[in-house]
Every structure is written in C-alpha cells, then in structure tokens.
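Both complexes below contain chain A, partnered by chain B and then by chain C.
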Partner chain A sequence: MFELIADPSFAASIPRFVTPILLAALGGALCERAGVFNIALEGFLLVGAFAAVLGAYFSGTPYIGALTAMVAGMALGLVFAEFNVRRGGDSIVVSIAINLLAAGLTTFFLRAIFDVTGAFSDPAIAGFAPIRLPFIEYVPLLGPILSGQALPFYLALLSVPFLHVFLARHRLGLRIRAAGENPQALRAGGVSPKRVQLLALIACGALCGLGGAQLSIANVNLFVENMSAGRGWIAVVAVLLTRGRPWPLFFIALLFGAVDSLSFRVQGLGLAQQFTDMMPYLATLIVLVALSWWRARRARGDAS
Partner chain B sequence: MIAFDAGKATRSALPWLFTFLWIAAIILALLLFVGAPVGEALSGFWNGAFGGRRNAYLMATLSRSALIVGMALSVMLSFRAGLFNIGGEGQLVAGGLVAALVAVLMPGPPLLVLVVAILAAMLAGALWALLAGVLQLFMGVPLLVGSLLLNYPIRYIASYLVAHPYRDVQSGMVQSHLVPQETWFAYFPGTRLDIGILFTAVAAAFALIYSYRTVHGYHTRLNGLSPDFARTVGLPVRRLTLQTLALSGAIAGMVGAIAVFGIHHRYIDGMLVQPLYAWTGIIAVLLVGMVPWAVPISGFFFAAVQTGAAGIERAAGVPKEIALVVQAVIILFVASRVSGALTASRGDGDGHV
Partner chain C sequence: MRIDLQDVTVRFGPVTAVDNVSLGIEPGEIHALLGENGAGKSTLMNALFGLVTPASGTIRLDGKARRWASPQDAIAHGLGMVHQHFMLQEEMTVLENIVLCAEPVGRFGFVDFARARSRLDEIAKTHGVAIDLDRRVGRLSVGERQAVEILKVLYREAEVLILDEPTAVLTPQEKDRLFATLKSFREAGKAIVLITHKLDEVMEIADRVSVMRAGRLVASSPLAETSKDEIARGIVGGDLPAARTRKALSPGETVLAVDHLTVARRGRDVGPVSFDLRAGEIVGIAGVSGNGQAELIRALTGLEPVRSGSITLCGNEIQKLDVEARRQGGMSYIPEDRQRMGLALRASVSENANAGRDDAGAFTAGPFLKHGAMAQYARSLIERYRIRVAGPRASASTMSGGNKQKLVVGRELSRNTPLVIAENPTWGVDIGAIDFIHGELMRMRDAGHAILLVSTELDEVIALSDRILVMYDGAIAGEVDGGEASRDRVGALMTSRAADALGAASPGAAA
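Showing the complex of A and B:
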C-alpha cells in the first residue's frame, strides 16, 4: 500500500482526477455564493465532456474542443437560469431536470451525430498533450504533480486564487455575494440580483464545461455515456461542505481527487473493481460525517 | 355572477399553450436534426406506446409503468413528507438484488420462496433508505446528498455479487442465475403482461389511502409543508422521518422484486440502473406537483413516452434516447410552473453541514 502511494506515477495521476471535481465545484461555488442552489453539476460536466469530444473531433485541436465544452456549459447555464432564476422553478426540480436533459442530449446526439451507442472513440479526437514546465518538472515530489499535466488542470489551479480575489475584491464578485446573502440590498443599489445569478450560472457552465473537457479529451480521448459517473455529485458535496469558499474547496477537491486516483490504483492489488469503484463515494460520505462531527464538537466547545 | 370570464380563462390558458408549443417545437427540432419524417415519427410513437400486434406494445408500456409508477409512489411518500430522498435507485437495486439472491439460494416450495423473496426485497429497500435517514438524523449528512451518494455503493455491491460469487458463469454475462421458473410471475391470459402491475396497483391503493385518509400520512404531510410547525406542535419528527423513509424504501424494494420475478427472472448488472426507473419516478411525481391521485397517471405517461420513443426509432430511425430529452424538457417547462413545496432537507434543519 505504502509503495503504491509513494510511487511518483501515483502522485502524477492525482491532478487528472482532481481537475474535473475542482472545476465543477468552483462553478458550483459561484452559484452557491450567488444564492443559486445548483445541484446539476453532474449534468454540466457530462455535457462538457461530450461537447469537448465534438469540438475536438471536428476541428482537430483540443483547444477548440475545450472552447466548445465551455460554450455548451454556458448554454446549459443559460437554460438553468431561464427556468430557475427567471421562471422561478424550484432549484432542486430544475437541477434534476437538467441532469436528465444532459444524459438525454449526450446519448441522443452520440447516436445522431456519430451513430454509436455507449462510447465513441476515434483517432480524429484531438486530445490535450501534457505541458512540461521547465525547471519545475525537476523539483522532487511536486515536480511530477505540477508538470506534465493537461491545460485544464493549470486553468483550474489558476482559478482558485483568481476566484478567491474575485469574490473578495472585484465589484462583480461582491455583487455575486450580495445576491446570495442580501439580495434586497443589491436591489436597493440598483443591481438586479437575477442578472447577477444569471452571470454566475453562465460562469459555472464555462468552468464545468472545462472540467468535462478534462474528462473526455485530457484523461482519455473518447466519450462514454454517463462518463461523469457521480463526480458532479461529489463536487456538489464539496460546495456544501465549504459553503463555496475557493481555498477550502481546493483542499476538499484535492482530497476527493486523491481518493479517486487511489481507488484507480489499487485495482492493481487484486481488489475487485467494484470495491475500488465505490471508494470515492464512501470517502465522500466519511468526510461528510467527519466534518459534521468536528463542527458539532467545535460548536459545543464554543458554547461552554 | 357565475358568468364565464373569458379574459381570465385566456390568461391562465395562454401560458400553457405556449408551454405546449415550446415542447412541440423542441421535439420537432430534434426530429428535423436527424432528418426524420415527422408524420411517420408521430404514428410510430403512437403505435410504440399503445399499439402493436395484439396490443403487444401497449402491454410493454403497462409493464414498464408497473416499475415507474411503483418508484414514483415510493418517491412521492418521501417528497410529501418533505424528505428529499433521491436515493430511490439504490433502494430499488437493493430490493432487486436481494429478491433474486433469495430466490436463487433458498430451498422450499416456490410460493413460500416467492413470498420470502418479496418481503426480503422490501426489507432490503427499507434498510437502505433508513441508512440515509440515520446519516441525516444522527451524523449530519443532508438527506439530499446522503441518499444520492448511497446509490453508488449498492450499485457496485450488486455488480460485484453477480459478477463473482453468484454469477451465472455459463451465461457469459454479468448476471445471477435464473430464479426457479415456478416463482416467475404469471402472464395475464393471452398477453405478455405479467402480474407485477397488480403489486403496483396495491401499492398505489395503499399510498393513496395513506396520503389522503390516515393520521400518519397527515402528520408526515404536515412535516413536509412546515417542519417548524410539525416540531412546534410536538410531532415526533425524527420517528416520522425514519418511518416514512422505511416505507418509501420498502416500496422501492418491492419494485425491484417485480422487475426480477415479472421481467428479467434474474438480476442482471445494471438492469435497474440503466433504464433510469428511479429518476423517471422522481420526475413523474414532480410533473404533477406531488398530488397523490395524479402520480400513477403521470407515471404511465412517462412509461408511454419511453416505449413510444422506441416506436419512433423503429418507424423513423430516430434514436430512442429522444425520450430522455423530451421528459427533461417537459419537467423544465411544467415543473417551473407548478413547483411544490420542496423546502426541507436541502441542508437546513437537522442535517445542516
């Protein structure tokens, strides 16, 4: 077990698992802070993964693939906003519908465009090449993690401090927080909270789309039906746990991603795949329970 | 005084007309995208949902609706009590798995095996639902995410059990052995429709009487409408929560047993997950704003959409996955107009993280 974790190739594989969860969770965090309860991150990731393959296949470059994924995610954010923010539909109902819509659209267009069911792989799908960072790649321990990853990972890493500063300092960031915490004040200031929520949802779509691109054109070069496989839900948990604060979110995503990556690795130990497959979900549940106990204890400590 | 107010009727009917037109336009756009003949697609839909030789497709719709309506009833009991239990899938899988394994492993007279298997399936579903309840009440995991996350472990446990210890190796597939043929549900005379739908009918009768006529159902509904009020008047909210979840889970487990004894006659990996029965059940409840008597109708409607989509595929070459898109679009348009009070268990109250 120890050798497995100490293995540098294990460390190098963590970012592949962290990136989709982190990007989806950052998108979810923007919604959370804007007062939109978006639990459709699973659907957003799935649409992003499919659109990325679509773009990368027809353009021949992964950059257009990632761009397509972000645009598709933004479009889905627009749909969410139309039904939740503008028409006032219940956010859980809209989220469930968006998740089903994502499953439906991706399987429908998988057959309609590529004429396959289940999975689509083709040499023409242009995937991201690893980016080697000069000098950093030779740093022990951190080198193999930070260097040699795909573009979405670096964008995800940069997004964390960016969103932190954005939410703390930027005018739109303040407005997003106001839309979540005190929409009346925002309205009194002459800004429509609904407009701010719409922008948050569109940004969420772009981030999730990029996360989906990591799944389909960086980790592998193919699309599989339902390939988000619960990662969007894990991102939802991360958002709930951290109440949408970027830095805590980063560490939670790191933890979940590491477990995800570890579960992938221990398949080599002869443990049945089904048990390794369920590890991320069990780990998520355990973290939920542990954090809630810790908070309850701290609350008791404050009271006494 | 009782004169017909034409202006008011138009005002309330017009949005629904627009809703209908929007949905029709989206379906049309999808059909045109794949270049399908629209007329043939429509007749294919009708035939696929309600027609067929000797009504074969109508029977398929009824058979599917036995499962979807069952899941919808299960979910309805939770939702009306304000419990956002979206773990129906896990409870369904637990039931189906246990039903198949009991029937394969237990010796004895077939009728006894059948009864024990169905009861065990209901117990398994109830326990899996209770696990989510315990996580919420005692460990601070909101039901919404707890019930959902529990879908995955049971899916993989079931997959493991029929892939390794209880696999029908000779079949070459990831599936259990067939349950004894004597335990298979009978077909209605002259049809290919099994009697599983009778179980769903009983569950529906139970759920309706429970929701409309019993004190327990009334209390849970109060809890759903206003948890604060329920707590203030001294209702045992925790006990009601656990009991309601157990009831929901038991019905979901029974639906799993129906799928085993009525349709597949074994547990096949993914057989209850891939058709999205549980999620279709959820949207069937949301479509009608959790009104109990309308839930079976809504469930039948979605079953018809799915089998109808298979008809469209046969008649016009349109991928049958169009059903999922159409269902989601319907829910988006309709549910945003008739949203029920789905306030509890989204992170506030007992299960706050």
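Showing the complex of A and C:
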C-alpha cells in the first residue's frame, strides 16, 4: 500500500480525479452562494461528459469538445432555472428530475447518434494531450503533479482564486452572495434575485460541463453510460461542507480526488472492487463526521 | 425635489389598501405620515417607491408624471426608503451592504471599493453619520444597522427619504441621533417622509402632518395649525377613550413563585432572580433590553432550560416541564416577536387562532380538526378584537403588524389561564390598538388573573403595573410600587444608579 502511495505515477494521477470533482463543486458553490439548492451536479457532469465526446468526435478537436460540453451544461442550467427559479418548483424535485433526465438522455443519444449501447469508443474522439510546463516539470514532487495534465485541470486550478476574488469583489459576485443571504433586500435595491440565480446556474453549467469533459476526453477517450459515477454527489457534499467557499472547497476536492485515485489503484492489490468503490464515499462520510464534531466542539467553546 | 401623489389607489385583491389619496411632499420639509396599523401608510409609500403598482393615480416628481417598473427606477430618480424591517445582508460588511445594487465598478465589473470609501467619508463629514465600514452587519446593534440603511440611501444621492417607523426599535439616545441627522437633511433641502406611531416624536420634529385612516387621507396640514389631540382624533376616527380608572388592588393567592432562578447566558448567567406574582395584580418588569429579561422569559415559558432555582405555578413546580405542559398548567404567553414566535405566517388566521387548542373537544372530532368550528371561533376573535383581515381563511401574513399582534393577544388572553406573560405586547402597534391591548390586560387583572408584563416601554410599565421590578445586568436591581413609580425613579434603576433611586436601601433588598 505504501509503495502504491509513494509511486510517482500515483501522485501524477491525482489531478485527473480531482478535476471533475473540483469543477462541479465550484459550479455548485456558485449556486449555493446564490441561494439555489442544486444537487443535480451529477447530472450536469454526465451531460458534460457526453457532450464533450459528441463535440470532439465530430469536430476532431478536444477544444470544440470541451466547448460543446460547456454549452450543454449551460443549457441544462437554463432548464434548472426555468423550473426552479422561474416557475418556483422545489429545488430537490428539480435536481432529482435533472439527474434522472441526464442518465436517460445520454443513454438515448448514445444509441440514437452512435448506435451503440453501454459505451462508445472510437479513435476519432479527439482527446486532450498532456500539457508539459517548462521548468515546473523538473520540480521534485510537485513537478509530475502540476505538469503533464490536461487543459481542464489548469482551468480548474485557476478558477479557485478567480472565484474567490469574484465573490469578494465583483459586482455579480456581491449580488450572488446577496441573493443567497437576503434576496428580499436585493429586490428592494432594485436587482432581481431570480436573474442573479439564473446567471449563477448558467455559470455552474459551464463549470460542470468542463468537469465532464475531463472525464470523457482527458482521462480517457470514450463515453460510458453513467460514467460520472457519483463524483457529482461528492461535489455536492464538498459544497455543503464548505458552504460554497472556493479555497476550503479546493482542499476538500483535493482530498476526495486523492482517495478516488487511491481506490482505483488499490484494486490492483486484490481487494474486492466493491470495497474499493466504496472508498471515496467512506472518506466523505469520515470528513462529514469529523467536521461536524469539530464545529460542535468549537460552538461549545464559544458558549462557555 | 417636490413630489405629488394624485388620486393614488392601491388594491390587493378585493381589499382597497389605499383609496384615492392625493398628497404633496415638499423639499426641505419633514412630513409625518400617521395612521393606525393597516391604514395604508406603508402601502402608499411602497407605491411611491415602486414596490407595489397602484391601480390608478399618478406620481409626479417636480411636475413630471412617472411610472416605476421597479424600485430601481425610483432609486434612479432620487427616492430612498428605509424599511421598517431592515434590508441588510448580515454576512456582509457595512461597505458591501452600502454599495450593493449601486456598485461603482472598475474594469471587468469588479467593484471599486476605494472610490466608495472616499464618497462615504465625504457623506460622514457632511451629515455626521459615521460607522466602521469593515464591520460585519450581523455584529451591529439595531441603531447601527439603521445608520447603515441611511448611509445606503445617502450613497445613492437620494433627494427624498422615506423612513418607515424608524424609531420603533431605537433607544432614546439613538433616536436623538437619528433626529439630528434628519434635521441636517432638512437643512440640505431634502424631503423627508416619516411614517410613525409616536405622536410625541411628530410634535418634536415634523413640519407637516398627514393622517390616514382605512386607506383614505383624513387630514394634512402644517404642524403649527394642528394639535396633538386633533391628530390623535384623526388617527382613531373619534375621541380617545378617557383615562382608565384602576380598581383597587385586591391580590389573591400566589400564582407564580420564582425562587433563586438562574439561566445560562453568554458572558454572565442571568440571576439569581426571585419574585412572587399574585392573582389580580400586574407586575411589570422594566429595563433596557438586553439586561436578562429575554432569558428570564424564556426560562419561565420553558423555551430555555433553567440552570438552578425553581418556578412554581399554581402550587406546582414547573421548571422541569416542557412548554406544552406549562401552558396546560395555566400559563399563556404573548411573545415579543409575533412574526416568528407568535404566529405561523403561512397558516390561515383560523389555524393561528386555534394553535395550541388541537386538544380541545369543541374543535376536534377524534383525530380530525373541525374546520367549521375553528373558523367560527376565529371569527369571534376577529370581531371581539376588531382585527382587520379578509376572513378566517386568509393567510396570517396578509395582516398588518398591529392586527397580527391583536390576534396573538386575543388567542392567548381567551385561554383564560391564571398566569399571562406579556412581552412588549404593544411593540410597533398603533395607539388605538395599544389602548385596546392595555384595556384587555387591565380587564384580565380585575378578573383575578396574574399578569407579568415585560416591556422596554417605560410609560407602558408605569401605566399598567401594580409593582415594578427593574432588571439590570441580569438581576433585579430594585422594586418600585406602582403608585409611587415615576420615570426618573425607574429610569435610575434601569441604568443601575440604584443608590439614587432607593436612597440608603441596597439593590434588590425590596425584592
């Protein structure tokens, strides 16, 4: 087991697992801060993954693939906004509907467009090539992690400080926070909280779409039914744990991504796959319990 | 800027909230707008501010007719409103709250906070409204929050300032500061509309007084040409009832006995507090808010656990019982916060009127509620307490503040329990309703109920109480007999100048 963790290729594989979780969680964070309870990140990721394959297959370039994924995510964000924000549907019901819709729709189009079931893999799917960063690639330990990754990873990394500053200092960031905390006050100021929430959902869709692209045209070059495999749900947990703050979110996503990556590798040790599949969720559960225990302790400390 | 409202009518469904009102607001003038709860003052101002759309009528600014699509239009044309319930983001800083929705933006839409800061420095210099811009609003006192609201309006360069009951939540010192600020606005030529219930404040500061009743404007004249009595008559639509004569105190058995009660609180515990309350008397608890009254009430009503000591209600120790058991044991409670504790706003008036009565035989048939009987009961409360509402089936949220309070008071008093705990029962309520609620409390006293009145309104405590306990810093600082109470004496105890108030007697000795 130690050999596995010490293996440099393990470290280098972490970003691949972190990226989809982090991007989906950042999108979810925007919704959370805007007061939209979006637990459809799983569906957003899955649609993104499918759309990325679609775009990359027909255009022959991964960039169009990623762009297609982002546009598809934004469209799904619009659907969410139409039913939840505009028509006032319950956010949990809308989320569940979108998650189910995403699973059904991708399976349907997989057959309708590519005429396959289960999985679609083709050499014509253009995947992202690793980007080698000059100088940084030779830094010990960090070099192999930071260098040689696909484009979505770097975009995810840049999104963390950007969203932090955006929420703190940008006009829309300020309004997103206001929409989440006291929408009545925002309305009294003459800004429609619903519009702000719509924009947050569209941005969330774009981020999740990019996260989906990482799954299907960067980690591998194929689409498999339900290939998001619970990563959207882990992102939801990360959002709720950090209350949508980008930096804490980054570290939680890092942890979950590392465990996800580890679970993949320990399959080689002859552990039952059912057990290794459980690992990311077990880690989520442990973090949940530890954090709530720590918060309760801190609250008691304040009171005395 | 001069504003003319012409024949403005606002309807909510079948209810006409504002009925054909015409009103002029002049620059450099403080214009007081008075009326009972539900008279239409706030609705009229909401129409002026673009929060509701009038069914008919015109709004003119400097002679030009305007229609607002949203409050943003009104703000852009120099109107500013400080709402009764503050419109603030508690998680944000003062600075963020002020610029929100009117952000000075630099490149790519990022907010230029430095520019905002220097503007606010200027405003602070001209009008004397200053506050630390980097503090989180959640940590500010009510008075400071109001200052943030006023800064928000000033920051938007408003020429017309509408304040909806700005003094209801302020301490006397904060009120004086607010009035000084308003006078400085008047000097600067701004027009100020002050919606209020407090006649004394109107006499102190207003230049012009308008009175609304039942959606209509019943009077509008310069302050110099009217009198306090005339305004009061305009508000209630007739003569004020004569001062109440109080029956001689004939206390009966002890209803409530509190013995060395302590309650946990951040910082320092509240207590130990000891006092008795007998049938047929009103005991008032006075004090500046935050001196332990809220904790004491929560401990008495069962909303918060007791740390030590005992509470005896009608001979039974109740400190370990839950809220329901205490209510069954003979306690009613009129909470201060009618919006959150007194009522379920989304439920109907009828459901609210019957809350806590789902065990009463008359309203239930087996496990089911009898809606007909409930509605009939609600109707009787509406009639008896003159609650202005569409009917028993209307949502509780459709009532105005004073009518909500009447419903809570009616529900609690009609339970006819030996003990009634009333916490700021007339907070934010108009004079007609205040008089009515006071009358009901007196009637309960005369009928032999024990009433614990906790209020931050000193005049209310003095007017009603047979005995007054003054709380200071979590303990009872002294007791004053109702007949001998004066503002000075109780006021001195409230600020812990106990020696001034009691002479040689030590604090708490009387308790």
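We adopt the following convention: the second predicted complex is superposed on the first by the 304 of 304 C-alpha atoms of A that agree within 3 Å, B and C clash if a C-alpha of one lies under 4 Å from a C-alpha of the other, contacts with A are read in each partner's own complex, and residues count from 1 in each chain.
Here is the rule we go by: a contact is a pair of C-beta atoms (placed from the backbone, for glycine too) under 8 Å apart; a residue touches a chain by one contact, two chains touch by 3 or more.
The model shown is predicted, which means the values in this text are computed figures rather than measured ones.
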{"item": "Partner chain in contact with A:M278 - chain B first, chain C second, else both or neither", "value": "first"}
{"item": "Partner contacting more residues of chain A (chain B vs chain C)", "value": "B"}
{"item": "Touched partner set for A:V71, first chain B, second chain C, both or neither", "value": "neither"}
{"item": "First (chain B), second (chain C), both or neither touched by A:L288", "value": "first"}
{"item": "Touching partner for A:V266 - first (chain B), second (chain C), both, neither", "value": "neither"}
{"item": "Which superposed partner A:L186 touches (first chain B, second chain C, both, neither)", "value": "second"}
{"item": "Chain B versus chain C as contact partner of A:L174, first or second or both or neither", "value": "second"}
{"item": "Residues on chain A lying within both footprints (that of chain B and that of chain C)", "value": "none"}
{"item": "Chain A to chain B touching residues, read off their complex", "value": "37, 39, 79, 83-84, 87-90, 92-94, 96-101, 103-105, 107-108, 110-112, 230, 233, 236-237, 240-241, 272, 274-275, 277-278, 281-282, 284-285, 288-289, 291-293, 295-296"}
{"item": "Chain A-touching residues of chain B, taken from the complex the two chains share", "value": "30, 33-34, 84, 86, 135, 139-142, 144-146, 148-150, 152-153, 155-157, 159-160, 163-164, 276, 279, 282-283, 286, 319, 321-329, 331-333, 335-337, 339-340, 342, 346-347, 353"}
{"item": "For the chain A and chain C complex, residues of the former touching the latter", "value": "165, 169-172, 174-175, 177-178, 181-182, 184-192, 302-303"}
{"item": "Of all residues in chain C, those that touch chain A in their complex", "value": "51, 70-75, 81, 83, 86-92, 96, 99-103, 105, 108-111, 113, 266"}
